[in-house]
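Since the structure comes first, as structure tokens, the remarks are kept for the end.
Each chain carries a letter (A, B and C) given by its place in the written order, and its residues are counted from 1.
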Amino acid sequence: MSERLDVKKTYKLVVNGAFPRSESGRSYEVMTADGKFLANVAQASRKDLREAVVAARSAQVKWWNATAYNRGQVMYRWAEMAEGRRAELVEHVQLAEGVKKSEAQRSVARAIDRIVWYAGWTDKATQVLGGANPVAGPFFNFSLPIPSGVIGVIAPQESSLEGFVEAVAAPICVGNAVVALASERRPTPAVVLAEMTATADFPGGVLNVLTGCTSELAPHLATHEDVDGLDVSGGAELGDELALLAAGSIKRVYRPRVNDVGNSLRRLRTFVETSTVWHTIGQ
Amino acid sequence: MLVPAVISVPAIHNEDELRRFVRSFSGVDAVGVESRVAKLGTRSLKKSTKMSAIDMAISMVDLTTLEGSDTEGRVTSLCTKARRPDPSDLAVPSVAAVCVYPDLVAHARHVLGDATVAVASVATAFPSGRASRNVKLLDVADAVGAGAHEVDMVIDRGAFLAGRWGQVFDEIVAVKAACGGAHLKVILETGELVTYDNVKRASWIAMLAGADFIKTSTGKVGVNATLPVALVMLEAARDFAEQTGQMVGVKVAGGIRTTKDALKYLVVVNETVGASWLTPEYFRFGASSLLNDLLMQRRKQRTGAYVRPDEFSGD
Amino acid sequence: MTDNSLTSELGALGYDAALESASLARLQPSYGLFIDGQFTEPSRHQQFTSINPATEETIATVAMASSSDVDVAVASARRAYNKVWSKTSGAERAKYLYRIARLIQERSRELAVVETLDNGKPIRETRDIDVPLAAAYFFYYAGWADKLEYAGYGPNPQPVGVAGQIIPWNFPLLMAAWKLAPALAAGNTCVLKPAETTPLSALILAEILQQAGLPEGVVNIVTGDGTTGAALVDHPGVDKIAFTGSTEVGRLIQERVAPTSKRLTLELGGKGANIVFDDAPIDEVIEGIIDGIFYNQGHVCCAGSRLLVQESVADEVLRRLLRRVDQLRVGNPMDKNTDVGAINSAAQLERIRELSNWGEQEGATRYTSSCDLPAKGYWFAPTVFANVAQSHRIAREEIFGPVLSVLTFRTPEEAIAKANNSKYGLACGVWSEKGSRTLWVAQRLRAGVIWANTYNKFDPTSPFGGVRESGFGREGGRHGLEAYLDV
């Protein structure tokens, strides 16, 4: 009696709420942590990146125009989806990172909890980061955090799921749209998690995930003038160069710091703009 | 090449049309108006500018006494002062007018004789305006019959605030008719209209109804003339002139006591409606104590020495 | 060419000159660098002159700091940080800042005169805005120094260290206050580099810091040109760079700081849209447009240099605007009645001329104030371009002068689209009597500051700064502390 043959998953890009292959038709081999063949993953091209930015730009308006309550619900639903497919995520993390199952389980749990944490920020960031300003004159004056727009994320290379969640959920919860480059060697947990956004009612294009060669794609993300902010967490030794390229269009740049503490809002603050409105007060 | 004025005043046949037209104007932003006059208030008038501005202000004064205790004697001294504000300096111009109650108009005319100083009378149940139309018109007829050159009427603020703009309009038209050849100044009593939007609307209603002047206040309520109110009225007069070709004067009254205050008003006139309004024909100060301060400052400008108040007569 | 000189019948009451006394400035003929609490000679003994742009006369000579002078200044700031300032309690730091605020108030007339002489802006503005606001910023941030744990950045926020601060020439003293006050409140020490053409008020401020007894080295002031600024940006001993100036230079600075761990905030250029709806309070709109573009000769990064007016009222607004433009009193900045002063430098004048010429070449209709311009000094008559297209250079590039571009729109959607169609995003104006639409517009404008029925208002409690290529980071308010805290 022959054993049943597994149905293997195909890992594609996540762009504009759809799952295309790279327009270039290229793919690359991704290995498990212990060096076995895991999958042929789509190798995104510069053109795929361009498409992703276009999708993100248009999605960002819809995402930001939704109510904060609604954004919170959508993000929470994303966590629900992830919770329902925990086993799958655990397996991917285990394979990608080569950790024990128990460690992978903890990591997935933490990642999902982080999504929940950020889901709660959608309708609180305005209050915590904004406020009324008592100017010396007959004006009502208030400051609100508004999203920077489209954020390019070079996701961490090592932490395939948790690192990815931290990098994309923070900008998304405050109304940005994201174009993320998943970890080059460990891309599959991010792809699987990003696929779930399609069933979580995100407008297509809020989270776009590209897989491929970081050193090839990241500079294009850094120089793309329609990208407003850049998280270079996964840039490693490319970090300095990416930060320099980002200066060309005065991008907001997030770089990890040695003294970063957990639950810091620095990432979130990096990708919002304080917009201050003055209005006259009179009869 | 400047773009010509495009709006003209439509014919107004009834209250609805009046309301529609007056409401078609943009509102007034209080903060903007107040900051504009605050900035104009920093203008610094020195030397010859100050001297000519003081003379200009003197010539624009409606020297006023509107007290229950007024007597012929008091009006006599007021008229004497009006003709020759500073007997020691013949270069000082006469004031524009004296302003009295209707029963003292004849006496004022008598004292002033053929002087260039006009006699203005308040009328229409001044200052409250709370009387029937008939009584108001009789009041006007009385003043005009006694020889008043100018009539200062009050609008019915109650009717205005209740939205009966047609009534306000009709009353002004009726008073204008009763004035005959006398000039009509329409007092809006802006302190009771409260908002700048109301001031702007009341200004337009008065001008459309035929006012020769629009005037801020009776001087008998808590808030009288203010710079921002004057600015709003001047802007209305400017816009009215652009649209109709008719110039309407503006009179600020009540609470203007110092030269410094008066010069601020002149600066506002100068920089918002301009030269055409800087004559007694189109701009007036309704005041009593202002004149002496103008005279003191004028002499100080001339001699460089500060003057004691007793140098000038009390009234 | 269509050059329409305006004529005005207004202003029968011609004002005699009301000149502020230049002697109030009490300027010394020459100034050294302010390092470690003392005025010191620059190491290479190089100096440059600061001139009055209204007369082209030299008013003082000032030391040119070399990179070795910057070394000394940064070392002084580091020493002061390690030995004194980081050990000074918030409450004590607060009292120094309060002292500085009071001393600015006490010497306000002198500072106003110095600023007007050095910058060319009207004395009315330095007296009523620049100097009082500079004091207000110190006063406001003083109160934060001992309350940082309540600022929303965690329970024990720490300073960054040594801040290098580079400021522009358009509001020399005020920009120094915007930079120094929050930095000192947060516990940093500073090396401040004033603009090359306007170094003097910062040097008077140095005297004030001495009078306040501020510990030596807590603030160092290095005058110089772009090379001085570059030395400061590149200095390894600096933990944070704060820059206000052009987007062009800001980009260079961001590039140079990129491979380092330095913190950076940038407050750069703008091309502010001032949006006028058909229901707006028309007379206040006109004043708002004037304030938006002719305030400080248009040398304002947040200037409302693009007027977007609803087509249905465009003719009316333009007619009233042109009448008002012609009333502006242009001339001697020391005259208390002057509305528009001198252009700050020959180089800036050249840029304004070049871009204005472009406006004509591209087919916009040019209106120029009929004002007389003085023979000496740098002057540019207030100018309005009508019939400007979104694609014209004068609608896209920052002119930084008294030049307004007028465009029209038909619907709120179109207004937003045009306003946001810019690489900049610093400030915008919205004029309407309809509250719901104003908020709708404010929500959609991509700008750091939105003024509704007003323009060009500043306050120490109110965050200021841009989005996109107008820079990042905020100055003013609680938000302004973030730039100087390690959070």
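By our rule, contacts are C-beta pairs under 8 Å (C-beta built on N, C-alpha and C of every residue); 3 or more make two chains touch, one makes a residue touch a chain.
Quick caveat, the model's predicted, so the values are computed rather than measured.
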Please tell me whether A-B or A-C has the greater number of C-beta pairs in contact. A-C
Using mean Cα positions, find the chain sitting nearest the overall protein centre. C
Please compute the C-alpha centroid of subunit B, do the same for subunit C, then give the distance between them in whole Å. 43
Chain centres from averaged Cα atoms put subunit A and subunit B apart, in whole Å, by 69
Could you tell me the distance, in whole angstrom, between the mean C-alpha positions of subunit A and subunit C? 37
Residue list for subunit C, restricted to those that touch at least two other chains: 453-454
Shared-contact residues (touching 2 or more other chains) in subunit B: 29, 31-32
Would you pick out the residues of subunit A that each touch at least 2 other chains? 137, 139, 280
Residues of subunit B defined as touching subunit C within the complex: 1-7, 26-29, 31-33, 35-36, 42-50, 52-53, 56, 235, 266-267, 270-271, 273-276, 278
Interface residues, subunit A side, partner subunit B - complex: 137-139, 280-283
Interface with subunit B, subunit C side, in the complex: residues 4, 6, 8-18, 124, 128, 279-284, 287-288, 315-316, 318-319, 322-323, 327, 336-337, 433, 453-454
So in the complex, the part of subunit C that touches subunit A is made up of which residues? 136, 152, 154, 247, 250-251, 254-255, 258-259, 261, 266, 268, 423, 425, 438, 442, 445-454, 457, 459, 461-465, 467-472, 474, 477-479, 482, 486-487
State the interface residues of subunit B toward subunit A in the complex, per the touch definition above. 29-32, 34, 194-196
